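Take a look at these structures.
Look for subunit A in each of the two complexes below; its partner is subunit B in the first and subunit C in the second.
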Partner chain A sequence: MSYIQKPVAHHPALPRNALGLTRRDYEGSMSTLCAGCGHDSITAAIIEACFEMDLPAHRIAKVSGIGCSSKAPTYFLSRSHGFNSVHGRMPSITTGANMANKDLVYIGVSGDGDTASIGLGQFCHAVRRRLNMTYIVMNNGCYGLTKGQFSATNDKASPSKKGEVNPFEGIDLCQMAIQLGAGFVARSFSGDKNQLIPLIKAAISYKGFAFIDVISPCVTFNNHPTSTKSYDYIRAHNMASENPLDFVESKDEITVDYAAGTSASIPMHDGSHLVLHKLGEGHDPRNSSDALMAIRKGAAKGSVVTGLLYVNEEQQDLHDILDTDARPLNTLQTPDLCPGSKALDGINARLR
Partner chain B sequence: MSGINDFVVKFATVNGSGSASANTIFAKTLFRMGIPVSAKNIFPSNIQGLPTWYEVRVSEAGYLARREGIDIMVAMNPQSYQDDLKEIVAGGWLIYDSTLPRIWPRDDIKVLGIPIAQMCAGKWKDPRQRQLFKNMVYVGALTALLEIDMEVLKATVSDQLKGKEKLVAANMDAVALGRTYALENFECPLPIKVRTAETAKGKIMVTGNEAGGLGAVYGGATVCAWYPITPSTSLPEGFEKHAKRLRVKDGKRLYSIVQAEDELAAIGVAIGGGWNGARSFTATSGPGISLMSEFLGLAYFAEIPVVLFNIQRGGPSTGMPTRTQQSDITLCAYASHGDTKHVLLFPSNPTECFSMGADAFDLAERLQTPIMVLSDLDIGMNDWVTEPFAWDDKRVYDRGKVLDAKGLDEFKDIKGKDWGRYLDIDGDAIPFRTLPGTHPTKGAFFTRGTSHDEYARYTEDGVIHARVLDRIRRKFDTAATLVPKPEITTRDKSGKVGLIYFGATAPAVREACDYLERDGVRVNACRIKAFPFTKEVIEFCDAHETVFVVEQNRDAQMRALLMTEANIAGTKLVPALNYDGMPMTAAFVRGAVLKTLRPAQAAAE
Partner chain C sequence: MHASDVAVKDRGLAEPTDTSDPKYFHKVVDCQWACPTHTPVPEYIRLIAQGRYAAAYMLNWESNVFPGILGRVCDRPCEPACRRGRVEEKPVAICRLKRVAADYKGEIDAFMPDIPAEKNGKRVALIGAGPASLTVARDLLPLGYSVTIFDKDPKPGGLMRTNIPSFRLPETVLDEETERVLNFGAERRFGVEIKSMKALLDEGFDAIFVGTGAPKGKDLDIPGRTEGSSNIHIGIDWLTSVAFEHVKSVGKRVVVIGGGNTAMDCCRTALRLGGETVTVTVRSPRRVMKASPWEIEDAEHEGIPILDNHAPKAFVIENGKLTGVRFQKMKEAGTDKSGRPKLEPTGEEIVIPCDDVLMAIGQDNAFPWIERDAGLEFGEWDMPKVDKVTMMSTRAGVFFGGDAAWGPENIIKAVAHGHQAALSIDLYCHGRTLTERPPPGFNIFSQKMGIHEWSYKNNYVPTKRVAVPHADKVAALRNLKVEVELGFDDKLAAKETERCLNCDVQTVFAAPLCIECDACMDICPVDCINFTQDEPLPALREHLRVPARNLKQDVYVSPPLKTGRIMAKDEDVCLHCGLCAERCPTGAWDMQKFMYVEAQAAKACLAHHNAYL
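Let's look at the complex of A and B:
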């Protein structure tokens, strides 16, 4: 049995958020992933972000495909509806769900196999549709559930645990997302919660397609010394300082004094702010060409550039494009939806 | 067979030459004169330059199946002259463009040459106009030969070209050219001609796809995703066209439509919408069903309402994309791996594409499962003369068992048990579902295609797995009580010969049964409207010793379904199969019945 309920009892003095909820209220069932799996850290970061943002869990929908990563939504937000769909098809399910109700927060969780191989087309088109969602890839460079085959994001220079050479170039999902017009693109590391949590919060606050590629080492199949997606490698090559980010929630006032010209504040649609630092030294994430260049320059040195890579301050989402009603479509009932017999008489008359 | 208000005209043209609009005007004019017509567009999978045909059967008696034996052939395409000539019945007429005169190797037909190209060259300077108006010239000649009401024709042209008044005048000039030539050179009218009738009065002329799209509007669909594929494309386009007019409030759309990247995404979007409480659908044709199959299994097992229109075409593989078939019955009934079974509806005409199209959304939400509406190219893309659409304004959508916050709070008090997503409380095998965002603490669950227990929890326990599968199968019994009952036509109360049919073959079967009755063979007929089979279908089979099963596929798929799912003995089910991609004819159905019942007569004919 690979379903384990967590005990519900918890310490009475646990801190509570504005909704009166504890972190435990944002948890899910017990993880059945391998001990030390990066995915569990991302799960913890999602829980922390939602707790700190005071999000009502039932207003979140968590959606996934198939694979180790796609099992993860079971391990967080048990008060949210979840949908573990079919392999590589999370983006289409989320598109339909979002079309039906634009007022929920959509957190999509996928893996590198799920997104960069079988679901590459769906990923591209979800970006293209400017779907208002947070799309998290738990990226470990391998297929865990089928025992460690290379995935399409595995670097060419990164052989398998048994020394097998990876003959193909890896796909960089962040570069793809930027080129396809995603409005918010970030890369992070499962082992860096100080960076990951604000990124997740910012992605959730962003109205439009927010993508986070999280390097998440597979302790069982891809954490060996020659892997470029191991804990050690990422710790040694993480350029996390490239673009430090502050996420300022709407309830907080911006009190820190930033030196002019070295930082920028971007308002989100929910009233929160993204504060970007070190614009002079790093790249300006508001410029997509700069962002691509920064990723490529880092990669050329064998480094992994993490942080907020790109943000488009003015993006329309799918509903803006489709020009839909202010009410969620799934709340409309017969009187709104059915044009009635009189309109039908007119149609019949035109067909005579 | 042929006479006044009873004949077949066939137009043989080149596709992309503008003939479609002229041919439609011709058919619509006769319809507006009150005469039942059926128009079959036989077109290539191509945009320009290949042979295309348009057959118009005129039948005051209301026989609207395709009929072989062409009375008047309008041969405008030298590429297909040879074959077109063969199709004309002895004593029939051939109209052709005699700008390049030609000797025709048949002396049992009358040849009416009209120098169409020459006439158009003299009238118009623009080469495009010269080409385009050729089509209206032959329509003009037919107005004289068939005594078509000119006022009705003019009104039809005006309606067709609404807002383009100049074009109306030019088209009528072309008509006048052809008409004058015919009046001056031929004996008009021909012995077969038209006259104003009453039979088609009150009916409408429409394609099944436009009707299906409109049905989705009336059925309350708010999420549509689709991927272009012939012959289904015009259904979502019909939905959008009508939704644009009927579903906009204060400038904002009360619907959403996305052209997806492929069929996998199209069904995924529809399922996502259904999961989140919107009435959602997609439309596709054969190859699309193959692609959608994985997702259909998910929707079946996770019990998500979704509607799918399958406008069938000739298979297997890419097959004949522009020809008709009923060859996706097995595929749709059992789409996806593992034990799956789906509810199917079989509309027989555009009126039913509308009504079943709307009903499908009620059924999907009531049964929490995919509902597939199986139309085909013949119904979907051809103009049918059919009963007008009707809607009861008192009707309220059946949204099925969806719990709101109050329903979740009161569930245990009312039902005596805790809520479980897949728990059968009412004994009809249909559980209660909840939508995301409903209740802060209750009703959340994990939707999954992996095996789950009654509380939607992942399981690898075989006992639970089998129990859930059994409950979903029982839901099919409930479905059999909700789907439309068959239409049974009894010609002989104690008769032992029955005939089962469905979908687009209905007009051919009705006509064939009339002919058979004249032959002294009275056949009772049962038109299946849905799968699972209702008890009436089974009783019909039981009441007859021989049951012909008429279908347009090679492998007798409906017959197999009757044997497997309704336990009908195969020995009594006689297949009558046509799968050449052309709409069914009455002659074929009659022949198939006679071959079994009166082999000597059939052989002699």
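Let's look at the complex of A and C:
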């Protein structure tokens, strides 16, 4: 870790967004993760996405559990709300916060241990309840904070740095998320910001449960030549072109005329659009069975299918399902919550 | 050239940067690159920060000979070049820090080069005892040359003495630094004006260096000039008379005509000699005034109004005596091809009443003493033809430098000329080819001390430029000899040194080590670093995270990386904070100090450049 503070000076010609902020205004404190950690790149992608979307920091809540990944929210959006919860409990904290105030943007950051081991149950139910949040897993296949033991997402074919064989099959979080009913499921790579940034923007715009599994190499424990989560392996086996997409924000006009049949434009709730390319050649992410097939076929070939894997344009989120008040619950005042003695008398009268 | 390089050229892509050429990293050190003598600025600022003032002084002295003088009155080409000025509003106060080194240096005689008792038998004449000649003397005396310096004035220093008032440059400082060089054993022939080049040539010197400056102030031929002559003065001549105390007073109302640094010196001197209403008038608009901004600021601070767009039309004479100057007011009417404003009269005229006029409208060279058949060719504007590299005229063995070579410049340029002329004279006296000049010395080496520790302070300190304390205005205006600027004390100096970005500690990239994890790009506080598709340089500049539109600054381009992308770093506002190197997991980035030393005639004069590494 660096001993100096990140210099406050920024490039004088740094672009500003609609709020008059630069991307530097979306940063957090200096990372204490290992130099070269993929998590820092994901952090940078989140910063860039929030900057480009003109999100006011105080309308965002960042929530995390325990692990290298869960330290990361300290390194972005220092002016946002944050909650660093106990291990694996990020989904419940987010659920509670979301129920109380549905107007915030929820970004959950978790790791492969936090999500696929100790927090697996929590994860499943957050998906099942279609919580309106962006759930990002910084997935490095190992426990970096405790010297690099195998995590539950490590591929069976991927031995440790010292050569120990992994005896167990890895959990594929994207397949799980699709099966459990997540409305937006994507996989990306920390080293490919061109893909990752639009995915994060789309996930934030998506109303419902948006899941992104980001392969994020652990430079210290899982970046060796035999690892399947190293920079080199992912670069060599990334099927990033499977379903390339553009994210068109509501403030931008769609200027490109996409050829019919090979691309599709999917409207998001906030007026933005996801434009999918190469529909003819790749799989159609609007079909969950196709999505699962694409992941499995890729995996069988030793490839990692990245990009938007599945999207359900019509999913309802938890508030829709529970038919909650249109206003955030934390804004409801006593008159809204207490119908008064007249109403009570009415109820009592019915029961007599 | 490798086959792959050829391929790159054929595709028209950005060529990988050749960092083995010292020019590349030298240019990144903006201040040192801009300095005509290439003084290692960041290096001496670090020495000042450590309180090693004598070392800082010597490092300066080796490059620019007059740190105490230049620390007060240098034109400071380094400061507009300073990277800090592009990161925030104001550059590092480099010039003022140089003065600190001079003020606090203590005893330095022991560091001076040895002067051989046995001479090498070569005799060199230096005409004019200004900065150019004194530099030649300093560079040649340690080599055993016999040097004779001529000057028409009784004391050395040239225009540094005659034209810079002592409230900006105290005599003690000037005396100390000129005497130091002369005491290396130069023969002084002061108070002697050379009247004939031919006669001088007949004296049998092995080489002659002409450093006579641009001593002729321009005159203004407008009505009333002759009638009012006793109260109309040429600025530089008047300043010389003040310096030698031939003039001790001036009228109560003074008009200064001109907008350069001499005009600023004239008006402030007039204020100290009894002028009560001193007005500066400039023909052109203020924004194109030639004076340095800080000199304008100082004049205005003393309450002197500067009226721009005032073209003098006539001196007003009443009863045979000057009573004022009539001006035509001008206005801008577009710009000419070189971007300078075109002026036209507004028709409005005003008269500024005055008792004395000081004209500071420019200087010319004057060589009435060089016979046109002495073997030197003269060219445009009746100036001798001088080679830009060797400083030699068309007559072998006669060299020029300083303002005498190509017209009025400044002290630091004169010193640079002096170094080059000394090199040429040494080559010439040994019968060697003048164009085969010794190359500069350079070196680059890692500053890594530990995992995230460097030999320099890489922390960015957001302090604003520290202002120099001034002497009490009332006291200063009463006495010509009271130095206005007090200089930084050690505490203020220490604060200002922190602002230096250490641009000589270079970000060096080793492409084969890079795993393209983006860590450096993500951490860079000023968005210099990019991993991007290779494309032709102009397009590449536009497509960086922040477009690299300062074309004076290079883009550091790596050879293709594993993914086929390249690393492209815009040098423009790099803070040299080293975070790229700290966040790099493989050591592909390293912070390496780049040393650059311009060759000089006497190696003995560069003894300390390596002593402080």
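Before moving on, here are some points about what is shown:
As a convention for this text, the second predicted complex is superposed on the first by the 325 of 352 C-alpha atoms of A that agree within 3 Å, B and C clash if a C-alpha of one lies under 4 Å from a C-alpha of the other, contacts with A are read in each partner's own complex, and residues count from 1 in each chain.
The working rule: contacts are C-beta pairs under 8 Å (C-beta built on N, C-alpha and C of every residue); 3 or more make two chains touch, one makes a residue touch a chain.
The structure displayed is predicted, hence computed values, not measured ones.
Once the two complexes are overlaid on the shared chain, A:Thr74 sits against subunit B while remaining clear of subunit C.
Contact with subunit C, but none with subunit B, is seen for A:Arg24 once the two complexes are overlaid on the shared chain.
With both structures placed on the common chain, the touch criterion links A:Cys338 to subunit B but leaves subunit C unconnected. In the superposition on chain A, A:Arg235 contacts subunit C only, with no contact to subunit B. Annotation for subunit A, partner touching more residues between subunit B and subunit C: B.
Looking at the shared chain after the overlay, A:Ser92 reaches subunit B, while subunit C stays out of its contact range. After overlaying the two complexes on the shared chain, residue contacts for A:Val8 are found with subunit C alone; subunit B is out of touch. Judged by the touch definition given at the top, the superposed model places A:Ala100 against subunit B, while subunit C stays out of reach. In the three-chain superposition model, subunit A touches both subunit B and subunit C at residues 1-3. Interface of subunit A with subunit C (complex): residues 1-15, 24, 31, 34-38, 40-41, 43-44, 190-191, 193, 217, 219, 223, 231-232, 235. Against subunit B, the residues of subunit A that register as touching in their complex are 1-3, 56-59, 61, 63, 73-74, 78-86, 89, 91-101, 103-104, 121-122, 124-125, 129, 318-319, 322-326, 329-330, 332-334, 336-341, 343-344, 347-348, 351-352. Within the complex, the subunit C residues that touch subunit A are 86-88, 452-453, 458-460, 462, 515-519, 521-523, 525-528, 546-547, 549, 562-563, 573, 575, 577, 579, 582-586. Interface residues of subunit B, counted against subunit A in their complex, comprise 32, 203-206, 214, 217-218, 220, 222-223, 225, 242, 246-247, 249, 251-258, 260-262, 264-280, 294-295, 298, 388-393, 395-397, 434-441, 443-450, 457-461.
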